[in-house]
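Both of the next two complexes hold chain A, though its partner changes from chain B to chain C.
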Partner chain A sequence: MSKPKVATCSLAGCFGCHMSFLDIDERILQLVELVDFGPSPINDLKHFTDRCRVGLVEGGCANAENVRVLREFRTHCDILVSMGYCATSGGIPAMRNLVSMEECLREAYMEGPSVHNPTGRVPGDLELPLLLDKVRPCHEVVKIDYHLPGCPPSADAIWAALCALVSDAPIELPYQLIKYD
Partner chain B sequence: MDTEVRQITSDACRAFANDGTRLLDILHEIQRRLGHVPPDAIEAIADCTSLAPVRVQQTLAFYAFFSDRPLGKVVIRLCDDVVDRMWGYDAVRAAFEKALGIPMGGTTPDGMIGLQRTPCIGMSDQSPAALVGTTVFTRLTPESAERIVAGLRAGCQPAELIEKCGDGNNAHTLVRAMVRNNIRQPGAVLLTEGERGAAIANALAMSPAEVIRTVKNARLRGCGGAGFPTGMKWEFARSARGPRKLIFCNADEGEPGTFKDRVLLTEHPNRVFAGMTIAGYAVGAAEGILYLRAEYAYLRPFLEDILARRRADGLLGNAIRGKHSFGFDIRIQLGAGSYVCGAELALLRSCEGGPGEPMTRPPFPVQSGYLGCPSVVNNVETLALVTKILESGAPAFSELGEEGCSGTKLLSLSGDCTRPGVYEVPLGTPLRDVLDMCGGGDARSVLVGGASGRFVGPALFDRLISFDDLSTGGAIIVFGPQRSVPEIVELYSHFFAEESCGYCAPCRIGTVLLRERLGRIVRGTGEPADLEYLEELGDTMKATSRCGLGQAAPNALLSSLKNFRPAYEELVRSDPDGFKRAFDLDKAVTQAGEIAARLSIRGQEVAL
Partner chain C sequence: MSEITLTIDGREITTQPGRTILEAAEEHGIYIPRLCHLPGLKPFGGCRVCTVLVNGRSEAACTQPVAQGIVVENDTEQLRAWRRNIIEMLFVEGNHFCPSCEKSGDCELQALAYRMGISAPRHPFLWPRREVDASHPDVLIDHNRCILCARCARTSRDIDGKEVFGFVGRGPARKLTINPGARLVDSALDVTDQAVNACPVGAILRKRGAYATPVGRRHYDRAPIGSGIETPAELTIDRGDQP
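Take a look at the complex of A and B:
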């Protein structure tokens, strides 16, 4: 029987959740036994070739590209997990929701103290994804099945959740794994 | 600093003995003279009253009827309640905007007239209605809106624009309002004539403990909505320690759809003041404060006159009815446009000159309320009933109710009914009978208890109007077959989000989330999961909010989700791909596209 597939992505996040994921240390050997990988920054695959059992999503949606990737994950994954604070609540990137888009782009591309931009314009290259009016947590864009809290969730928490999801076992996250104060 | 501002401010403060607890009165006075409260005045008030400037600022910012910028010499406050929307609010609003040449919320360029919206002003039986200054205009039409604007432009005072005064005391020289009482069914107790002074004479012939026993025997319960036994409340206050005790009459009738207290204050103010006096005697209080909502300011000169007459006749003041051991006087505290001040703890805070944020209970106000003194807060109707009970005895009152209930209840009927107005019915009357009385036989849904009440459908029309079954502070709003329940609930959700005082998180955040999610549903982008989300959110708000506002805000939602679920289910559907229907990618990237001079159409981008 083929192994269940797992896909991961990092949207508007810092890759911290993926770093935390890699903190499973030697359990990575078990992981290889347990699952195959679909698209993920870990194997640098960009596109789905077939369905995945579990999709782990780091980061919220700050731009149109984030939305495209997230929707692709929703379409191809049976179970979608928002992993970490940015995915579940918007996190640090969502702090820009307190500033107007105009002010935000002006500061970033024109008036910031370290900006050198002789054109005086906001870049409009079609390769650059457009920003959303507000940064959104993933569940405002697609249906999310599970939320894994933490900034980042610990390796133990990610491991416990992932093992349970790929083996259809009940998820047991002891208080110590999801306590953050 | 502007010397005129300083002069007016110090005059206003001096008029209230530089007393910081009279901050609402001070702000009212400054606003009356200047049209707003300028920043300079805040510093000056702080100097005069020894309040911190930030305290003054806080109070000023809290109340809707105060403004720190000029809104216009005359401000038109158009009542934007669900019932007004049913009877032509949109057309009237458009007529005002057109005649004034400004959008809602604006001020004419000459600074003369401002246009603001305001929640229910207690005229649901004669909506659409508006306050122009303090003058009430009812049954507005686009034509009458134009006439009002033309009159104001021609230099008339708002009161001069009234064409015909209402019935009863609405035509009194000190009122002169076009408001109608619409007393459709005078019952056995409240809306009947009585002999002035008789109740007080009877009360003074008893000991205070006997007065409390009489009220207890009548099984009188608070008519503001909570239904707390009045006698018990008085007894707690009587046994509380403190040299200074106070009686408060809660005339902050802000619950959308309620207007019965307005009618009582118009037609039977003596009865309300007598009730306060009797409460004072029973509790051992020498001071009473009537907290009058700012929307009813047009009644103030009339009520002040009644108080003066009562003083002259020995029914208020020292040695009432010649009894040297008992003195009691009443003053009127005008509110400033805040729904939450109808909650007793917020009301007391407001009387102290602060923002109407409810304090934590315990201690209860009967132990430590206004300025730490034992304080009794009773509804207008409750106090009027006290007078009738002392007039004709407890048995006569308690016999009146049906099905084991005691006494009668005033109801404010409005909405899709042919005879909206005030009805006095025995407690225990079935809702169906009430609907028949008011010509609301076509009702498909009824909101019992106003915006914070419960939505019931025909299956529950045989339930009884009483404290233990369908409990209501008085408002009953009838909706016919053409109305959408989710849309009504969504409209009320705006009201709660705007009126939340912001003190506690469940209410401050919950009311906004509730409005946002309901908005999705009525706009057609809701999903079945949103209904579960709303139920969970509503339950959380009920369980964890600090005061009645947040606890009651989800009532209409939760009861309608239970009783009218198909109406919601019709509006929601899930997306087969698992994408959220409320998220619109094109709309979300529009602004960024404009700034970067790019255009995105359905994900296909083209350079501009």
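Take a look at the complex of A and C:
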């Protein structure tokens, strides 16, 4: 029997959840026995070639590219997991939701105290993905099967959840592993 | 004075007349989740997290007095779902950025969410625009985190004897005020006021005290809220099915 495949991605996040994932330390050897990897920053594969059993999504959706990747993950993964506070609730990137987009861009590219931008223009290259009006948690964009909170979720929490998901066992996290911070 | 007998989730308990259902339950090691209730203050019944069914009818356990022979339902699937819904609505109604909040780990709203196994709120986030008042030298108010429980207002009025806080507006427009239009620094609030300690969330904070307790040693890091009253329930992350 072939091993179940796991894909991961980081949308509007800081890669902290992926760092936490790597904090499983020597259990990474067990992980190699347990699963194969689909697209993930860990192996730098960019595209799906097979269906994946589990997709771990870090970060919420801040722009059109995040939405595209998230939809691709939804299409190719049996079980999609929002991993970390940004994916489940928007997190730090969603703090921009409290000001208007115009105000946010003006502060970031024109008026911020440390900004050096002689053109005085906001970047608008076609290559750059368009920003969404609001940063959204993943479940406001696609159907999400599980939420794994934490900033980041601890390595133990990610490990426990992943092991349960690839072996069809129920996820049972002890109280100490459920954290929003 | 004759004792009163009632049942909570099928368990018969006796108590004194004049107690509330919440107090009677607590006497017997039964935890009823609550948020706006604070011992020492008059029962308020604002948040409805302590909703129980009394003879089949929903009542706030913190305000409803005990009566002879009443049948109270507390820990049922329906009530857990209602309470969970209230907590989730509070999370999306304000701006609760737990990862960067000084109160994280000591926050009663967060602790209730942990206890109820909420991994993410299922309602759409509202992202309201709210203010931070850091004008006072020793205390700040972040309205983003205010859940309108009125614990500060009631403590200031009934214990500090000051009435520093009040409310304006109705429904979704309701908000906490310091004499409408005024800043905290213009009020009679002192850093030693009990009202400063009354906030269950990170809305009212003493300055220069943030992040003093290491992660792992904060109030709700190891054991769920309410576990001082009873033994903790089995807690697991559940699927995000729609309410």
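The rule is short, and it goes like this: the second predicted complex is superposed on the first by the 178 of 181 C-alpha atoms of A that agree within 3 Å, B and C clash if a C-alpha of one lies under 4 Å from a C-alpha of the other, contacts with A are read in each partner's own complex, and residues count from 1 in each chain.
As a working rule, a contact is a pair of C-beta atoms (placed from the backbone, for glycine too) under 8 Å apart; a residue touches a chain by one contact, two chains touch by 3 or more.
Remember, it's a predicted structure, so these values are computed and weren't measured experimentally.
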item	value
Clash or fit, chain B versus chain C on superposed chain A	clash
Partner chain in contact with A:117 - chain B first, chain C second, else both or neither	neither
Touched partner set for A:140, first chain B, second chain C, both or neither	both
In the superposition, chain B vs chain C on chain A residues touched	C
Which superposed partner A:43 touches (first chain B, second chain C, both, neither)	neither
Which superposed partner A:167 touches (first chain B, second chain C, both, neither)	neither
Touching partner for A:94 - first (chain B), second (chain C), both, neither	second
166-174, 184-192 or 202-210: stretch of chain C that collides with chain B	166-174
Shared contact residues on chain A - chain B and chain C	134, 136, 139-140
In the complex, chain C residues that touch chain A	91, 95, 97-101, 104-105, 110, 113-114, 117, 119-122, 124-125, 127, 129-130, 144, 215, 221-224, 232, 235-237, 239-240
Chain B partner contacts - residues on chain A that touch it in the complex	63-64, 67-68, 71, 74-75, 80, 101-102, 105, 121-124, 126, 128, 130-134, 136, 139-143
Residues of chain A defined as touching chain C within the complex	82, 85, 88-92, 94-95, 97-99, 134, 136-137, 139-140, 144-149, 151, 161, 170-176, 178-181
Of chain B, residues touching chain A in the complex	529, 575, 577-580, 582-583, 585, 587-593, 595-598, 600, 603, 605, 607-608
